[in-house]
Amino acid sequence: MSDPVLATLNLNKSFGALKATDNVSIDLKPGEIHAIIGPNGAGKSTLIQQICGGLRPDSGQVLLCGQDVSGHSTQARAQAGLGRTFQISQLCMEDTVLENAILGAMGAEGLAWRFWQPALKRPELRDRAEAALERVGLSDDRDICCANLSHGQRRQLEVAVALTLSPRVFVMDEPMAGLGAGGSKRLTGFLDGLRVEAPILLVEHDMDAVFALADRISVLVYGKVIATGTADEIRASTEVRDAYLGDAA
Amino acid sequence: MRLDEKYLNGLMIAGLLALPLWAVMADQPFTITLVTRAVILALAAVGLNIVLGIGGMVSFGHAVFFGIGGYAMGILAFHAQTYTALELGLFTTDGTKFMPVIWLVAMITSGLVAFFIGLLSLRTSGVYFIMITLAFGQMFFYFAISWAQYGGEDGLSIYVRNDFPGLNTLIPIQFYAICFTLLCVVLFLFARLQASPFGLALNAARQAGTRVETVGLNPMRLKLLAFVISGAITGLAGALFADLNRFVSPTMFSWQLSGELIVLIIIGGVGRLMGPVIGACVFVALEHFLGELTDFWHVYLGVILLCIVLFGRGGLIGLLTGKEGAHV
Amino acid sequence: MKKFLTAAAFSALCATGALAEVKVGMITTLSGGGAGLGIDVRDGFMLAIAQSGRDDIEVVIEDDQRKPDIAVQLSDKMIQSERVDVMTGIIWSNLAMAVVPAAVNQNVFYLSPNAGPSPLAGKGCHQNYFNVAWQNDNLHEAAGAYANGADYKKSFIMAPNYPAGVDALTGYKRFFEGELAGEVYTELGQTDYAAEIAQIRASDADSVFFFLPGGMGISFLKQYADSGIDLPVVGPAFSFDQGILQAVGDAAMGVVNTSQWNKDIDNPTNTAFVESFQAEYGRLPSLYASQGFDTANLLLSALDKADPSDADAFREALRAAEFDSTRGDFSFGPNHHPVQTIYAREVIKEGDVFTNKILGVALENHSDAYAAECKM
Amino acid sequence: MSSILIIEQILNGLQFGVMLFLMAAGLTLIFGVMGLINLAHGSLYMIGAFAAAAVAGVTGSFLLALIAALAAAALAGAIVEMVVIRRLYSAPHLDQVLATFALILIFSEGTRWLFGSFPLFLDIPDALSGPVTLPGGIEYPFYRLTLIGIGLAVAVGLWALIERTRLGIQIRAGENDREMIAALGVDISKLYTLVFALGAALAGLAGALVGAIQSVQVGMGEPVLILAFVVIVIGGIGSVRGALIGALLVGLTDTLGGVFLPELFKLFMENGAAQKTGSALASMGIYVLMGLVLIWRPTGLFGARA
């Protein structure tokens, strides 16, 4: 068993009386997809925020490749190898697809502080960006303005930007959201192949995708991890069933 | 009819070359003065366009840098013309009337001030950013008014324009040549900057700050550097403006001037290379010709500005090329 | 509508420029705050030109919006494009400082109808610069002199914190022989004087001197009148002038102010001026209008003797100042600033209209403190 | 410096503060509900003062003048809202700044065209003029006390309006969630016009009240506008409570700074120089205050946390 690439240790976060994250310890091992599921309001987004640096936990640690990054800023974590996609696309809508990908490449190459040569003409940036676009199938749309992309294409671009970073770990917040059945299926296939490159922490509502992809699944309810296990174990867990049904009722 | 933006830019530069030359031949020196004014205001607004158009920071206090540039020129030339020493703590100077030195001092000083204002202001965003930059502008304005040593509200008169090697700066067309060349250089730098990795990142910071962070870049630092570059350019314009008028006064720090710089950019087109240039030319022309028509020309200026906001998304460049401007 | 009509009349006048032999450039404030002063100067000036019946004088009028940079550019325009012989019109000292030195160095004559900053009267004086109104300190000095005469021993003095304000207090102190109960610099453009009034109340002053031009003076006087303090107030004419007085109202009643002109100065020129100004524009003339009128008449008197192209002769003609001033006797000192009598006036009410009445002379044939520094 | 003088200066600061509050309350409401930066708010203040001066000039009644000021400013506000402002709600701040900057130009020169370039006359009504003696022997102008009273009454009234009435519920809902009030069946555009007119009326009232002790002239609105912005930024944009606290802070800082800073400098400087330095610093005082508050709390004292 190898060491986890990403782990949280006893993470806690409260908003007033509300405990959004309650002593959460999860980990992500090389080569696996670890999915986090849970009903709305279970604290999934809050957890992701703490892992990626948008929120500071009240207590506990976030470990990236064994290193404590709890006090690091978002950009420091990104530099340390954390690649993230957003539930709601965070893209530069006035820029082209290629420019969005180049932005990621700039982060990866540490090349933002250059003032002379046009970004689009730097071969190292361009190669990296084009490669990422190629992989998600957006190569032909590279010169389209992002605002004119379809919803599905935007999700693809989100993933492409994360790819340009060549991260050591992916954190994906509902990448399937709003995709049609076909789109979901294609992305599922793509993520399936991605896990060998870097493990994926996947937050997703699309249960078909989750059960198809995840090596392990953690269930988050009211900020607490109530169960972790393989797809079959989770499916069989009465606790999980109660939590979901109880919530629905 | 839709114009390509490149042609429009070329046309504009050609116009800025041709009009003053025509004015020399037709012996209309005042036309040259007007175009010089437009070119200098454009230069100041190009500086602002870096933070406003690319970086999305609505600075309502850019007059600070314009004024600092002006006072850098005023103070240096004042000491040079009165042969009095200027004590700067560690060292003493007699001032100077040499333009390149004045420009350098203007740019360094306003860049430094921009660094500190930016450091404090960038903690805020949105309306708060607009207002805190305005507050800094007001502080400098009131400071200048009560700075008796350099004329206070009366300002400083510099009787002879400063020197530039090989040119007689008192001849309008020669001074214009200096300003025009500087504008072209700065426009070129702006274009390079906009396309460079830094420009791309800054542009991204305006549209999606979180995205910039998640690729491992620090939007704060990007914005702060942009603010400093912008301040330095506007400071340079301030020094030229002071030389055009051979005069500096606290009005260079006024919030109306900050507002006017923003107006110039919006008239032309936010984030566009030539937006400030077109805006400045149109503004100076309006000011001049409407002023001849009626004492109440501000009313008409107001109506025109209103129409530009309500119907001309993307400014004049947007109107002519059919492209919208940057969203701020 | 009246304004547009007169503006049209001016442009009609300008249109006769084809024949014009003398070109006069007037840069003054016609829009925005403070436009009233510029309009009065312009109207007074144009009235005199019209009355002269000369059609060989072209007056180019431009609005400086009270912005120094605009004023400088207009001055460039006047000199470079219009090629005017004589310039005039600037209201504000800071604009004058921006325009005048450069203009007179380009061999243009400048006749100041209002501003008289001290540098232009002293070290920075120039042979082509003539001030027809006053040196900035004059009216304040007269106020100081009046305070002595009124037997004030302890004055509370205040002015805005800018060069003209500092000059004002200096001018008052130069002539006032008593002590100061307080000396306060207010913020330029300040509208609320409660804090200062409280300080006056708490002081042991027996009189108050203030210089607060424009709206600042109106605010102060109204608030002062309402405060219940009844110490006598002295000030220069600027806050008690015809244009502004109606806005101050009862609060100004009885206040003594110093001025080199008033509409009741008894001489034929002045009587005719007041009448014709009222007839032409439908309002009482102000101090500024009288200054504009005198400036034009000085110019006309010089033009009768010499042409501006003969600069030396024209300068001599100006220096002689052989014209009938609305103020009575008028002559120039060695620094081309007026030597004139300054009066103390009191605010009174004539029917419904607030106006001033001359009390007596504050300073007789007064020159200024800077003339000695002028080396022409 | 006697304690009487200090108390008097504090009263002055309070009076200045509550008048700023009248301006700032409208500004902050308009921003809170509609998300609009209205630079032309100062023009509405000017309109109030001019309307009051005009009506007082004709009728001689101060009460009628106040009513006219409220009506004229509210009407002008409603018209501007319907013609221009409502096109700007979804526009970026930049466009709002420019458009309302344009409105300032139109209003200012338009007023000058109508009323001429000279200041107008508006005086304190006889019933309110002159000083009164407060406990402790402080003589203080009755009119200024009245202003403090009116300002505080408006503050209480606004509080009651927002907390206790149906309109208030809609306003609060509008601040939180625009879609929700549409879902509640409220006619949004009518609500917006109403809020804008209310803000305008408050500004007009301030203009008329202050006009009686200051000069009624073109351009009188802009300095107050800038101060009102300082106030709402300190208080937190959108918060009426913040506007009140901010206004009082600014009023007291400005008044007391102008008085005490020169005194402070007199301790180690020559009299005239101390006056000049002190008052120069005092004029920057509120901007320094604003800078400090924003550095400490980037969204103001009571602003929504980002």
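A, B, C and D are the chain letters, set down in written order, and residue numbers restart from 1 in every chain.
Assume a contact is a pair of C-beta atoms (placed from the backbone, for glycine too) under 8 Å apart; a residue touches a chain by one contact, two chains touch by 3 or more.
Bear in mind the structure is a predicted one, so any value in this text is a computation, not a measurement.
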Chain closest to the assembly centre - both centres taken as Cα means: B
Separation of mean Cα positions, chain C and chain B [Å, integer]: 36
Whole-Å gap separating chain A and chain D, where each centre is the average of the chain's CA atoms: 49
Computed distance of Cα centres, chain B from chain A, in Å: 43
For chain A paired with chain C, centre-to-centre distance based on mean C-alpha positions, whole Å: 74
Residue list for chain D, restricted to those that touch at least two other chains: 108-109, 112, 276, 279-280, 283
Interface hub residues of chain A, defined as touching at least two other chains: none
Sites on chain C at which at least two other chains make contact: 31-32, 35, 161, 166, 187-188
Interchain contacts (touch definition) - all pairs: A-B, B-C, B-D, C-D
For the chain B and chain C complex, residues of the former touching the latter: 28-31, 33-34, 37, 142, 145-146, 148, 151-155, 157, 159, 172, 241, 244-247, 249, 251-252, 291, 294-298
Residues of chain D defined as touching chain C within the complex: 1-2, 4-5, 8-9, 12, 15-16, 108-109, 112, 116-121, 123-124, 129-131, 139, 141, 143-144, 210, 212-220, 223, 255, 258-259, 262, 271-272, 275-276, 279-280, 282-283
Chain B residues touching chain A - in the complex, by the definition given at the top: 192-193, 195-201, 203-204, 207-208, 210-218, 222, 326-327
Chain B contact footprint on chain A (complex, rising order): 52-54, 73-76, 78-79, 83-84, 86, 90-95, 99-100, 102-104, 106-108, 110-120, 122, 125, 161, 164-165
Chain B-facing residues of chain C, complex: 3-4, 7, 30-32, 35, 62-63, 67-69, 72-73, 76-77, 80-82, 93-94, 97-98, 101-102, 105, 117, 161-164, 166, 187-188
